[in-house]
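Here come two complexes built around chain A, the first alongside chain B, the second alongside chain C.
Then we have the complex of A and B:
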């Protein structure tokens, strides 16, 4: 091997350079027809509303324009209960920046998929309880609303175990 | 065109219907799935097809503009995707159309819904389009889509001999056309002087030489020949399709588009187009920036030996001229990313079925729809469409 073609890094530890990149993009999503009414009811009345499919009678939470199963438009608005049952749950121990506030959420916190009474689909929300031993599929929970509400999903502070 | 499969033969895939939203600066009352629902619902009403009959869906959206990954899933229910075959193209909607047409040509489906959406207003254009560029040697310098387009525009002006007034003439024509299109985002009878006095964005690009931030959606229903024969409304046919991808933007001459020339050659061969200037009756180009329209016309051979700007000056490309280009107003007057190319196909379909209203081109029997994506139009697509029967206009 001549001097010209000799790899100058031969025998040395490979250096892997990195290029740092910080990307920040802000979004402002339209809530749209269905979520606007859903959030208004949370904010103004502390109530949870969905829409019923006129075909299969399923009640969708959160409300949406089309029932995927029937491939048809959803219909009337219906109120569902503020109590329901845990379908799946976890306790989160990973620090996480809340994208709506930019602040770190205190850990640990409980998370659950909850099917509210009268709803056919599930809503994803926080749990007050953070002890995994006290949580479980099938346990009943109730929504705790904040006194000051802004028209977002966080107008429900969390769900509290009833059992 | 060595070793290349040239498909399809005329008449194998039909367009049964095409619907667009109004194009607007923002749509604060609709989520993007409600935007898609609007066009899909209207398309189904117009074609008399039920959502549950559709088993194949190809969507086009850009995750970064939607602000979520797998952005096709957010519109799955409203596009009829539940327990059906849905696939997303993260490029221009015209590529979704080709993908959808291939599904029908393969005999796999007799209907395919193609839908594109974008709400450019909800994110930030500079930050989002800056991520097109490589993070090592380009992004640190602050590039975005406008800046790359401005660099291309200056290169094109220098090489072609076109002047900034020629770019203004493109803008004047398109904004005048848009006055006859009720869906258009921006329209008006602007003088050359007004256009050249509009706010400079990135030299030489000015406000009226670049398409504005826009929200909108477009949906097209493709069908097999059997479906087309059963249609109660006039249909159009895909006569030829071609796509080609060029070198990365720093590795090619930005004043020309070899990829578009090749895409057109493929589409013209399949459609039997020999003299595009004579054989085509209407053209819709995806040109968000005024210089792109002249550049693409040259690449398509529609300058007919002379530079496209000469034909522009004689009024050949005006509505009522020899070969109207962008009678809808085109992307320069406001069509969002991803939607622009599919909207071109929708517009040609409207022309060929005599449904274009005030911007109808008389006796439109054969038309060209063009789509582009990537930095400075790296990827190019041409679709030639034919009408079903002599038009009664």
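Then we have the complex of A and C:
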């Protein structure tokens, strides 16, 4: 490299310039036919419904138009229980910005994959309990409904340990 | 029949938590320059470029546009892949498809991510359906913790088994000049003393967030033989996907359908019946210690419930029968868009005999995997012949 083309910053150790950018935008998603019906039932009647695949007889929650395993249409709505079993669980201690709110999600919080009685698949939801020693795979839980419901998954406040 | 394809060169950045000295384009340039130098090629020798990156992490739309001068793409055919944790293997497999099909002779594949510039856990949480899972998810950490709790329950692996994986990774990383987390003196006790990020996953059970890029040059048989004394031949590739929701396969880690399917497919193509005996080295995509343990089962390295025994016996350590992640793996370095490609590049270095202090002597057959999205798996087998 000749003198003329030498980088003027060569040899000087400088901290690189950094440029901040804040993203604050709102999105609005269509729920689709199946989820719309699910959340209306949850809001209006406090009941939880899945759909059955006529091929493999799996009862899907979240409800959906197609069974991925059979690659065929689902269809029959089936009511499932508001109690179920923990399939996997954790208590989150790590802070992060919640993309649902733009704020830091309060920690610690418990959440689990829960298989509701009568369902074949399992659902993510919050747990009331935040002591990992009291939680465990295989423990039974029950949905705690909010008195005022809006038609979202949070119409169930959380799941409470039954045992 | 696909044409024979060889990896002839690789290039990586020194992966680290924050590369504040350079921008994304310059990061890419570092890896690309090293790969081209390794092959003795110039950008004009490259027919097409495959790129891999996860845009939500940096908040760039079209990073391939922002970085076109970093990867020398002006006027060239190019494509970008955006498949989650599997980005790097998807990109490598796409490059393979183009050479194997005879469409291009020489391809550059590049994976990159500058995690320090965005919000990883927030971006990953948007993987979840906003109506159902996004509300509860806590990035990759929360998902893996839930999966790990099931795996611990079913397999009986202990926190000590997980800690041994953490120690193996960070010590192996000391032999890899590109690795992010190098901890030569890490002990099982230190891992067990690190706090829970999300029970049962402790801080040292989980991967770091890294800035880094990886590039590879792939070529047809005749070109590969001229460009490298020992190319790493791609013997087989497979990708397998999962259903949409986490709870659709509740034993997701304990019985990883996509990983079993992808690995069985590449094993069958290569006549591998006992991977621990038949493979010489594996570079697998394990973002958490418990994931590596579960993957031992799902990749057929051990019988169900025996993964703890495998690490107790040291089978997957550098001196064992099947060293897993001599590079330190994802537990030592995770620059997401590059991470799965690093698995392929590290497997290639082993086959080419260029892995330096982390070389497994005489490595003849290597497995590389990618894992991500909603539990998708990519798998590749590389070999000397």
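Here, the second predicted complex is superposed on the first by the 142 of 163 C-alpha atoms of A that agree within 3 Å, B and C clash if a C-alpha of one lies under 4 Å from a C-alpha of the other, contacts with A are read in each partner's own complex, and residues count from 1 in each chain.
Simple rule for what comes next: contacts are C-beta pairs under 8 Å (C-beta built on N, C-alpha and C of every residue); 3 or more make two chains touch, one makes a residue touch a chain.
This is a predicted model, so every value here is computed, not measured.
Contacts of A:91 after superposition: chain C is touched, whereas chain B is not reached.
Once the two complexes are laid over each other on the shared chain, residue contacts for A:34 go to chain B alone; chain C is not touched. In the superposition on chain A, the chain among chain B and chain C reaching more residues of chain A is C. By the touch criterion defined above, A:72 lies against chain B but remains apart from chain C after alignment on the C-alpha atoms of chain A. In the superposition on chain A, A:123 makes contact with chain C only, not with chain B.
Contact with both chain B and chain C is seen for A:21 once the two complexes are overlaid on the shared chain. Shared-chain residue A:154: touches chain C; no touch with chain B. Of the two partner chains, neither chain B nor chain C is touched by A:144. Within the superposed three-chain model, A:56 lies out of touch with both chain B and chain C [touch as defined at top]. Contacts of chain A with chain B, set against its contacts with chain C after fitting on chain A, overlap at residues 21, 23, 27, 29, 31, 35, 64, 68-69.
For chain B in complex with chain A, the touching residues are 27-31, 33-34, 37, 41, 50-52, 64, 67, 76-78, 80-82, 119, 122-124, 127-128, 131, 135-136, 139-140. Of all residues in chain C, those touching chain A in their complex are 20-23, 59, 119, 121-122, 125-126, 128-139, 141-142, 145-150, 153-154, 195-201, 243-248, 250-251. On the side of chain A, the complex with chain B involves touching residues 19, 21, 23-36, 64-73. Looking at the complex, you find that chain A touches chain C at residues 15-16, 18, 21, 23, 27, 29, 31, 35, 39, 60-62, 64, 68-69, 87-94, 96-100, 105, 111-115, 121-126, 132, 135-138, 152-154.
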